């Protein structure tokens, strides 16, 4: 006597169903932790606030602008920064080590769905909660620092797509780096290197225009610029329509590249995991 | 003194414990180096567009940065691990273990944990500090150095008190760990002279979270900006804060013991 | 004889683990150099499972049970040897296979922590591509069988260990797998809950004809559920056959319980006294000598009551494991 298997629902339908369910689940769960989120956000906001103050101070002492960026524009850059930062939070590379150790990975490998879908779905869902929580913080920053901000409709639309592009790109960058945890417990060191590179080359520290020329040139060879600087500039800067669309295309291109890289890294990682047992 | 003996014993145990994890050592070292490197990059960036910031020159700001990293290292090594454990104990109800020992409870919960790897930050901060102050126009006299050490100790005391007060709040609002995340963000304001911040921020960062007092004052000592009055004020503030912290701790303890009866 | 559901041939698994000595000097040394050694977790085991069988995999901690289960569910590559589950090689982790098996590990949590179990069930529905109607039917059946109707609406973190285990079971079986790998499913649970889980597994097997491979170091689990038991120790199979034959193969003794008129009498000359409870004395005697010793007791002593028993399986197994160590 043997068990008759179920008839199966179509692949695409199940896939979308999974994402809808995952997003819903993430929202329900994250809403319970909104207080913790708020504290996390407030801590995160301190960083750009310090930068606004520093650069505005310098701007005021030098005739109102630094490298052509006015105080109001600095404020706009860093305030939008806080929104973009909240939107590109992903499952961090170091957490792969935790996931392996705690056995969560084993559970996920037993299921017929790639674990990365859990991460993408979960953090996509928590974004909705984050944005809602961010709104009062954004409003407060706006009132205090008087940014110059008047985006066009096109800029707004591109910004919307650019944030999601940044999210996917950053997901695959960090997931690929996270694969190192299958071979070493010192993955944290590599992660720090990555975070530093991202900090300096992505526009996370300062608008890229303020970096020396050679840094600006190097940043074109890395994907980081497209996770921070591009979405922010799309909304805050004065990019031409052509630049905006080319930017989106660059994001897509980099994301595809990282997805391919991730696929190779994953295959190797699972071979290693299954040989060693995690 | 008994305080020192107890502290020394716990330190030895902490070191033995930590040496087990060799990963920690290399990772910590690496992280500390990166932290310094990034801070230097920011400094270089700022000074590529200006010569003074709020009246502070580059070597002066370098000195300030060194103080901030150094003090941060002291907090991460000696204060934060204890506060984290205290919060944990209150949440899980395991504080009673510490309370039934013959030593003073506040002393015990303040010294039993140590994270020696964060001493790397103390070292890196000191190096930055020395490099910065060696480039200053003015020379450092013995009095300045003394004032610096005094101010630094006062700063450490202030931050310790701040941490303990917040953690004591755990007796009432059990889930306080989110506050830890806030601290690092606010402490980062110490990287720059307090004077650049808008007045409302300045007051918050000086009296609410005594970062300004703790970091800027020692740096002022090194950069010949320190007024004797400021140092006196810092001493007074530290003393008042310590007394308040002690009182608040015992108040919270009473409540805790009463609550879990 | 139909195709075996699980076929294992000469399966082997060897691990390389780091070694660390105690003390300050060693701790510093280990910062520079690392010592390793080889652990042979599974050393060439072979067996087959037929459809619908419930087989117990019995062995002490570290015997290789969990390692074998992980190899059968695709989480570990064998070092050598062959394993086939439903005709698939598990380590390839093909979707068709994953949809038909399940691995439940005692004390491990695979449901969303902060949310009611019902939400996690919905996730599993989407992951396993279960049609809505079948999903609802199966879910309701499982919830009823395990009696967790009121528990599935509470966040999982608010449930006790036993309740969590039950709810985990529901989540793990929603897709009606053909093969169940259960790794110490009753560990850490109280006796009532253990019985509950056991009767549930038996019922599931009855209703849906699934094949079950259950590991445990509790003999009670195996006795309650399994007609066939595989005993594994130090990575090798010591026994593979009917549960009833286990005693015969390993137990070379029986126990005689005797109640004497004079309870203080020394009975050492008849056999090993293993227990004394008031007037009841329990003797362990070699199997072949049982009737002779019983006859001697009856004739030489004032016996009020005498019983002859098979040793409890637990004791048998414990002796086996102790011997082979």
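Observations on the model:
Read from first to last, the chains carry the letters A, B and C; within each, the first residue is number 1.
Keep this in mind: a contact is a pair of C-beta atoms (placed from the backbone, for glycine too) under 8 Å apart; a residue touches a chain by one contact, two chains touch by 3 or more.
Fair warning: this is a prediction, and the values are worked out from it, not measured in the lab.
Taking the mean of all protein C-alpha atoms as the reference point, the chain centroid lying nearest to it belongs to A.
When you average the Cα atoms of each chain and compare centres, the chain farthest from subunit A turns out to be C. Distance between chain centres (mean CA atoms), subunit A to subunit C: 45 Å. Computed centre separation for the pair subunit A/subunit B is 31 angstrom, with centres defined by C-alpha atoms. Subunit C has its Cα centroid 53 Å from the Cα centroid of subunit B.
Looking at subunit C, one finds that none of its residues touch two or more other chains. Interface of subunit A with subunit C (complex): residues 1-3, 5-11, 14, 17-18, 21-22, 25, 28-29, 32-33, 103, 106-107, 109-113, 271, 274-278. Of all residues in subunit C, those touching subunit A in their complex are 2, 5, 15-16, 51-52, 67, 70, 73-77, 91, 93, 95, 98-103, 105, 108, 110, 112, 114-115, 119-120, 122-131, 134, 175-178, 208-210. If you check the complex, the residues on subunit B that touch subunit A are 23, 26-27, 30-31, 34, 37-38, 41-42, 45-46, 48-50, 52-54, 175, 178-179, 181-186, 188-189, 191-192, 196-198, 201. Against subunit B, in their complex, subunit A makes its touches with residues 35-36, 38-40, 42-47, 49-50, 53-54, 57-58, 61-62, 66-67, 144, 185-186, 188-189, 192-193, 196, 199-200, 205-206, 210-212.
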